[in-house]
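Order of writing sets the chain letters: A, B and C. Residues in each chain are counted from 1.
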Amino acid sequence: MSQTLIVSTQGRGVIDITAQVNAQLKKADAQLCHVFVTHTSASLIITGNEDPDLLLDVEDYFKKQVADADPNYRHKGQGDLDMSGHIRSILTGEAKTIPIINGKLALGKFQGLYLYEHRSGNNTRKLIITEL
Amino acid sequence: MSQTLIVSTQGRGVIDITAQVNAQLKKADAQLCHVFVTHTSASLIITGNEDPDLLLDVEDYFKKQVADADPNYRHKGQGDLDMSGHIRSILTGEAKTIPIINGKLALGKFQGLYLYEHRSGNNTRKLIITEL
Amino acid sequence: MSQTLIVSTQGRGVIDITAQVNAQLKKADAQLCHVFVTHTSASLIITGNEDPDLLLDVEDYFKKQVADADPNYRHKGQGDLDMSGHIRSILTGEAKTIPIINGKLALGKFQGLYLYEHRSGNNTRKLIITEL
């Protein structure tokens, strides 16, 4: 009953997946959509979609709050953005549950659903979408 | 099947909506209640309801952690509490899912469900309540 | 329909409850598992299970970001880790919703589900598990 959504990422930053998730909704009478990232250094956020600057400010915030390559990190060896990526993912969360009304995500006018990639390089992220 | 809950807010701070949400529960055999805020500068938290000071300390924490009117913000023009409100909302989240037992939210004795308004002025916040 | 899971904690830190939650899953056709902590100074996180050092770095992060026994806290009297525990719980959240596939939590290979105890001493934490 669940579906898989694969998102390719090219380095740290957010990708608006609202349209992709909407396009996968299938169940006529579903009331809730659950989206789940199966990784620990990528996450999901819902935030304002009206201004790209807003998304840059969000990234600035996390960059300042969660040190990359902190020399005190014990968990090392997977790159400078790895441990910070785990912490960012904990702070933002791996899942979102969103109401479905008339077969579409019932987001507010200015809400977008974003996959937040926290690592560098090219990554393939697997999401699980469940409708209930 | 979902319902709308409108909450009027008067400036930054939390509003206990536990009783309001409980009052809207209708579905006899529902097991989960999902509450969703359709805005990007208001959010939901569940925290201790036994001491108003606890809620003031929570506000102090976010005020210290997320700068209002940071001169480095790119996203400006909607007031000093706007960009910080977006970041606070990301950190706390726009939705809560809570078990329902015997037709009521199965919160712990000291848990309250709060709408967290992050902006100044008077705002009308639309929440979507879904029972499953 | 929901079940209770009791977890005994011995001071601040994380406890992997993935296997315990999996063992309680009963509903043949369930698609989602919702786990809810009924307390305000313990929470749930999903993060990497491949390296215990990662979990220590997570604790270091929260210890640095949320002051224990901050003299400015108004809410006092329940111990040095109490108010910080409430803030940590808000930042990490009291609930997780996880897809179920073939009767098991459909976590990624490196994802573990952890109860995060934020207080000192021995505590008995009651969780509610709901399958839908």
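Of note:
Criterion: a residue touches a chain if its C-beta (ideal position, glycine included) is under 8 Å from a C-beta of that chain, and two chains touch if they have at least 3 such contacts.
A quick note: this is a predicted structure, and the numbers were derived from the prediction, not measured.
For the pair subunit B and subunit C, the CA-based superposition corresponds to a rotation of 120 degrees in steps of 5. The two sequence copies subunit A and subunit C touch through a face in which the numbers common to both fall below half of the numbers used overall. Rounded to a whole number, the gap between the C-alpha centres of subunit A and subunit C is 20 angstrom.
Counting only residues that touch two or more partner chains, subunit C has 65, 91, 93, 97, 132.
The touching residues of subunit A, when paired with subunit C in their complex, are 1-2, 34, 36-40, 65-66, 72-75, 83, 86-87, 89-91, 93-95, 97, 126, 128, 130, 132.
On the subunit C side of its complex with subunit A, the touching residues are 31-32, 45-48, 51, 53-54, 56-58, 60-61, 65, 91-93, 96-99, 101, 106-111, 132.
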